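Sharing a structure below in C-alpha cells format, with a few things to ask.
All chains are identified by letter, namely A, B, C, D, E and F, in their written order; residue positions are counted from 1 within each chain.
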Amino acid sequence: MNDNTSNKAGLVISAHSADFVWRAGGAIALHVERGYKMHIVCLSYGERGESAKLWRQTGMTEAKVKQVREQEARAAAEALGASIEFLDLGDYPLPSNNDIIFRLADIYRELQPSFVLSHSLHDPYNYDHPRATHLAQEARIIAQAEGHNPGQKIVGAPPFYCFEPHQPEQCNWKPDVLLDITSVWDKKYAAIQCMQGQEHLWEYYTRVALQRGVQAKRNIGITNAKNIVYAEGYQSIFPRVTEDLA
Amino acid sequence: MNDNTSNKAGLVISAHSADFVWRAGGAIALHVERGYKMHIVCLSYGERGESAKLWRQTGMTEAKVKQVREQEARAAAEALGASIEFLDLGDYPLPSNNDIIFRLADIYRELQPSFVLSHSLHDPYNYDHPRATHLAQEARIIAQAEGHNPGQKIVGAPPFYCFEPHQPEQCNWKPDVLLDITSVWDKKYAAIQCMQGQEHLWEYYTRVALQRGVQAKRNIGITNAKNIVYAEGYQSIFPRVTEDLA
Amino acid sequence: MNDNTSNKAGLVISAHSADFVWRAGGAIALHVERGYKMHIVCLSYGERGESAKLWRQTGMTEAKVKQVREQEARAAAEALGASIEFLDLGDYPLPSNNDIIFRLADIYRELQPSFVLSHSLHDPYNYDHPRATHLAQEARIIAQAEGHNPGQKIVGAPPFYCFEPHQPEQCNWKPDVLLDITSVWDKKYAAIQCMQGQEHLWEYYTRVALQRGVQAKRNIGITNAKNIVYAEGYQSIFPRVTEDLA
Amino acid sequence: MNDNTSNKAGLVISAHSADFVWRAGGAIALHVERGYKMHIVCLSYGERGESAKLWRQTGMTEAKVKQVREQEARAAAEALGASIEFLDLGDYPLPSNNDIIFRLADIYRELQPSFVLSHSLHDPYNYDHPRATHLAQEARIIAQAEGHNPGQKIVGAPPFYCFEPHQPEQCNWKPDVLLDITSVWDKKYAAIQCMQGQEHLWEYYTRVALQRGVQAKRNIGITNAKNIVYAEGYQSIFPRVTEDLA
Amino acid sequence: MNDNTSNKAGLVISAHSADFVWRAGGAIALHVERGYKMHIVCLSYGERGESAKLWRQTGMTEAKVKQVREQEARAAAEALGASIEFLDLGDYPLPSNNDIIFRLADIYRELQPSFVLSHSLHDPYNYDHPRATHLAQEARIIAQAEGHNPGQKIVGAPPFYCFEPHQPEQCNWKPDVLLDITSVWDKKYAAIQCMQGQEHLWEYYTRVALQRGVQAKRNIGITNAKNIVYAEGYQSIFPRVTEDLA
Amino acid sequence: MNDNTSNKAGLVISAHSADFVWRAGGAIALHVERGYKMHIVCLSYGERGESAKLWRQTGMTEAKVKQVREQEARAAAEALGASIEFLDLGDYPLPSNNDIIFRLADIYRELQPSFVLSHSLHDPYNYDHPRATHLAQEARIIAQAEGHNPGQKIVGAPPFYCFEPHQPEQCNWKPDVLLDITSVWDKKYAAIQCMQGQEHLWEYYTRVALQRGVQAKRNIGITNAKNIVYAEGYQSIFPRVTEDLA
C-alpha cells in the first residue's frame, strides 16, 4: 500500500481469499478503471472451510492449501487491477479481537478509502462472513476516533456496502444498490477463472450477475435503458448524502 | 403542465395541500434550481383533518377552508418554483379508487418524471398519508403498462422516495438518503411561512431540517465535509442503479 | 350510551360478538370496577364464520344464529358490567367503508374514551380481525379531525391496544403490556361461560390467562411480586406519555 | 373441474395468465405426476400489464391480446398436465371485491385442495400480485366458514405457499421450502416455451431454477445429496404440522 | 455415544440440564419411538441461574446443586429413551469459545445427526439460551468443513430447529413447525416429573403443550383432523428441501 | 452508594462519561425530584472516541482527557442530583467480559433499582453503545440468579429502557415511552452545559427534547394536554405489568 499516489481509494474486506472475486469483482474492476486504488484485505485463506476440492487431493496439508489459495487470490486481484494483502488469521472460525480491529484501523487510515465493501450482516450458513463485516465496521469506527493513535490522520465516514452472500434471502440481505458491471464483466470472469478450487461456483456467480443485470434494467426502465447485461447487488449500511434524487 | 419544455422533471404527490412544504420543500427548490420541472399534485386540501386553526374561526365553512388552503399552497409552490394542481378528492378519509389511479397515471405519462416523492408507507396517526403513497405507487405501475391507453408514451422506472412523516420512528420510516438543502433553505422557509394555518409547525420542521443537516454531515465525515446546515431525509422504495459507489 | 355520567370511559371494538370476551374480558371488568364506563361495539355477530356449533344444529338459519349470538354477548357484557351495541355489519368478510368509519367516529365522540381496545394488526387466519382494527384506528383519526362534523367535541389521542389473537406468534403480535386481571377473573370466567356456542374455547382462554399470569409475575420479579394468577396481554400502537419509569 | 375423481388436489391462483408457468410450473408438473389433480385459476390474462410484446404489434386490440394469452396459458397448462380456468377480471389494476372472493371460495369447496399456491405477500413492482394472494387467502377463510353457503362441504386448512416473485429480495420474500423439480424440468421448460410473448423471461427463469437447485443441494448436504439440478422456492404462510423433523 | 448402531440420529443441545425436557421432550420421545438415536448435550447444569429452589435449602453448595441437577436430567433422559452427556461449562453466564465449538463439532461428526434442536435465536430474559444456539450453529458449520480435522467424516446439512422459549413473543420466536406429540405425552410428562427442583414449571409446560396441540389441529383443519391433543412448536433456521407440498 | 437510605432507586449505565447527560438527563433529574436515588455508572470516559475537541489541543494526553471528562461528568451528575461512579474500562472499543458483568451485577444487587436505563440495542455508528446495553442486560440477569453469590439479596425484574441514540432511525430505535421532562429541563440544560468538550451537541439535544415534547403532546391529545414542552424518548425491552390501561 506504499504506492498511494491515487487520490481516491476503495477498501474490500474479504473473510476468505476468494469471496472478493464472486461478490465484488465487478465493483473492484469498475473502480480501478475509474482511477481508484482498490485494495483487498483477505482476513484468512478460507483454508479450512472453503477449500473442499483441495482437501480431497491426497497428501494435502494446511500449508499447501494456503499456498494455492494465495496464488489464486493474487492472480484474481491482478486480473481486476487491485492490490491485495493477506492477514492469515485462520478460518472456521475466523477469530475476532482488538488486535485485528486495530490492524484493520491502520489500513483504513493509510488508505483513506472513499468506500468500503464487506460481507452481509447475517449468514446462518457461514459465521465467518458476518464476523468479517463486524470487524470491518468496528475498525472503521476506531479509525474515525481522534483518540486512537493521536496524530494520525483520521478517516471520514466512507459508505459501507454489504456484498451478496451465497443464499441472499436466507441472510436477510436486500440490495438497495445495483451496480452496472457490464463494461468490466470480462475482467470479473477472468478473475473467477483463477479460482481453480471452486469451479462449481463459476456458473453460479455468472448467473447471479445476469439476474442482477436484468433487475438493474428493470429499475431504470425502458425509456432510459442502457444495455446493462451484468450487475452486482449491494446493501448500504448508512444513508447516502446527495444533492440529486434523479 | 402544458409548459413541458424542460427535459427533466420530478413529481410530488401530496395527500394534503401543505405536506409537500414541510416534507419536500427543499428537494423541490433544489431540483428547480438544477433545471428540473417540479410538479406538485395535491390530492386534497386537508380541509377536514389538517386545518384545525381555520375551523376555530367563527363562521368557517368547508368551502372557505379549501379556498384558504389552496391560496397558501399556491403561494408556497411559487416560492419553491414549482407548478401545482389540486385534485380536490376530499380528506379524512382520502378516497382510493381506479379513477384516481388512472388520473395520476395520466399525470405520470404527461410529465415523464425522473423521480417521484410521496409519503411514508405507514403512519398510525394518519391514514391518508400511506393511502396517497399507495395511489402514487400503483399509478406509477399503471403508467408503465403498455396495455393502458395503448399509443401513449409509457414511463420508465423513476425512483420513488418517501418523504419524512411527522413522527418518523412510529411510522417505521428510515431515511437512506439525506439531501443537502442548505443552498435553498431560504426558499423552503419562505414556503413554510405561506402556511399561516399551521404556524405551530414552522419551528418543528426547521428543527427537523437542522437535525437532518447534522446527520448528513456525520455521514460524510470530517475530511470531506461541506458546510451542510439543513437537510431532508428520504426513504427509497427501489434499488438505485449506478456505476459509482463512492 | 345515553347514561354517560362517568367521567372516564373505555371503548372496545370487537369484530364478532364473542371476541371481546376471550380477548379483553378482564380489562373490561377491571376498568368497570375502577369506575370506567366500558362500552363494547360488536361490528358483526360472527354469524357466518364463528358459529360452527350452531350451524351444525338442524334447521338453523342466519337469523337464528344472530339471535343466539346476540343473547350470549349481551349476557357476557352484563357479567362484565359493560354496555354493548351491535352494528350487524356482516362477517366473513366483514365490510369496510366510510359509512362504518363515520359511525364509529360518532361513537368515539360521544363516548370520549380514555383508551381503545381492538384486534391485532395482522392475522392470516382471520381477515375480519385486522379489518376491525383498521376501522377502529381510522375512525379514531376521523374523530380527532376538527373539520369532521364541526361543532362536535373532538377526541384527544386515546391509547390504542391490540388484544390477543388466537395464534399470537402467527399474527406477529407481541404484548408490551401485561394486565393483571386476577381480581376480576371470576367475572371474566362467568362471561366466558355465556358463550355456549364455543365451549371448546373456554379452557383454551383459561390457559391463556394463566400463562400470561405467570409471565406477568416474571416481569415484576420476586421482590415486588404480588400474587398475580391471571393476566391479559396487549400490544400498544402509540408511545405512552408518562412521568414515571418505575 | 367436473372430472374430480382424484382424491388429492392442489390449487394455483395466478394473477395473470403466465405467472403460474414461471413461478410454479415445476410444482404443478411434479404433483400431477404424483397423482394430484392440479387446477389453475387465472384471475386475469395480464392483457394490459404483462403483454408488452403483443402491444407492439400493429393493429393489436385488447380482445386479441386476451385471445393469444389464453391460448398460450392453455398450452402451458396442458404441458404441465393441469386443468385451467380464466376469470377474466381485468388487470393493472386487478380488482378486489366480495364477488371474486365468493367465486374463489366456490372453487376451494369444489376442489378441496390439499395445498394452495399463489403470489408473494408484497411486491412494490406489481400490485396485482399481492392482491391476488390477498383474494386467495381470504377466499380460503370464507371456504372454511360453516355459515357460508351452509350445507356445502367446508374446506380444512390447506397449506398456503407463496411462489417466487420476479425480484425476490425487493418483495421481502424468503423461501422456507425448496422443491426439487429436477425430474419434471423438461415439462416446465416445455410450458415456458408456450409463452411466446415473454421470450425474454425464458432464460431468466431457467437461471432461477438452477440457482434454487444449487441452494437445495446445499440444504441437504453432501452426505444425503440427491442429484438435484432444478428447484423452485416457496414461502409458507402457516406452520407445518408433522410427526417428523428429519 | 459408542453404541451408534442406529442409522438415524438426532442431536439436542441444551443450555442447562432441564431445558431439553420442557422444550423438546416430546420430539425426543417421538423420534426414539421411530428408531432414532436421540442424544442430548447439556452445556451446563443450570446450577447458578435455574436452580432457585435448591439454593433456598440450607447448606446448599454448587457441587450439590450440580449433583441433583445431573440426577434429575439423567432420569428425564432415561424416561425419554435418549442418551445424555454433560459438558459442565458453567452457567450465568454460559461461556463461549473455540474449545467448546470444537468439542461440539466432534459430537456432530460422531453422531451424524439428521436434525438438531436447540434454543431460540433471541431471549432478553436469558442470555445463555441464544448463546447455546450460537455455539450449536457454529459447531454445525465447523463440522461441515473439510479442512477441520481432515480425514474425519464431515456432516451434511442437518435441519436446525429452535425449540420454544419461556416467553415466546418476547423472544421474537415464531413456530413454523407444530410437532404432534400426543402419542408420547405420557413419556414427556414422566420426564417433566423428574424435575423436582422446578415444580412450578410442570403445569406451565403442560399448558404450553395443550395450546400448541389446539393450534396444530387448527393448521390441519377439520376434514383431515387427527386427534391431536399435545404438540411442540419449532422454528426452522434453514429452508426445507422436499418433493411434496401437501 | 453507601448512603442507600432511599427506598426507591434507578440505575443508569452509560458507555461513555457524557452519554447519560444528552440521553437521560431529564429522567435522572425527574426521578431525583420524585425521591429516587439515581445512580450513574460510566463504563468509560469516552476518552478515545468522544473527546475530539480535547485531542485537538496541543500537548493533550489520555490521562488529561480522562481527568477533564471525569470533572465534566461529575459536575453534570451533581446538577442532576445523582450519584456517579467511573469504571474506567476504556473505550473504542469498550471491552466486554465476565469481570465487568459481575461488577455490574454487584451494583444491581446493592442498589436494587426499580428501573434501568442504557443505550439502544443497535448502533452502526458506535459499537460501544450496544455493547454497554448488552453488559447492562446480562448483568441484570446474573443479579437475578440465586446461585450467583448465594446469600446476597437478588434483584427482581426492573424495567429496562433504551435511551435515544444520536441517529435514532439508523439504530432501529423506536420510542414506546415519551417522558415529560418539562419541569426539570433547566436542570438537564445545566448538566448539558457542563459538557464543555462537546458544545456542538448542546443545541442538537435541545432540539431533540423539543421534538419529543411536541410528539408527547400529540400522544396525549388536545383534550387532556398538559403544557409539555420538553420530553425524552425511551424504548422498553420488557412488557409493562399494570392494572391501568388509560
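Please note the rule applied: a contact is a pair of C-beta atoms (placed from the backbone, for glycine too) under 8 Å apart; a residue touches a chain by one contact, two chains touch by 3 or more.
Fair warning: this is a prediction, and the values are worked out from it, not measured in the lab.
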| item | value |
| --- | --- |
| Required minimum of steps from chain A to chain E, each step between chains that touch | 1 |
| For chain C and chain F, chains touching each | B, E |
| Listed pair (B-F, A-E or C-F) duplicating the A-D contact set, over half by residue number | B-F |
| Equivalent interface positions on chain C and chain D, same or different at half | different |
| Chain E-chain F separation of Cα centroids, rounded to whole Å | 37 |
| Between chain F and chain D, distance of the C-alpha-averaged centres to the nearest whole Å | 53 |
| Two or more partner chains touched - positions in chain F | 125, 144, 170, 175, 215, 218, 233, 238-239 |
| Graph class of chain-chain contacts, one of line, ring, star, complete, other | other |
| Contacting chain pairs - touch in the sense defined above | A-B, A-D, A-E, A-F, B-C, B-D, B-F, C-D, C-E, C-F, D-E, E-F |
| Residue ranges of chain F touching chain A (in the complex, touch as defined) | 47-49, 51-52, 55-56, 60, 62, 65, 92-93, 124-127, 170 |
| Complex contacts: residues of chain E adjacent to chain D | 8, 10, 27, 30-31, 34, 36, 112, 114-115, 117, 144, 154-159, 161, 175-180, 215-216, 218-225, 228, 231, 233-234, 236, 238-246 |
| Touching residues on chain A, where the partner in the complex is chain F | 98, 101, 137-138, 141-142, 144-148, 150, 160, 237-239 |
| Touching residues on chain F, where the partner in the complex is chain B | 125, 166-170, 172-175, 204, 207-208, 210-211, 214-215, 218, 233 |
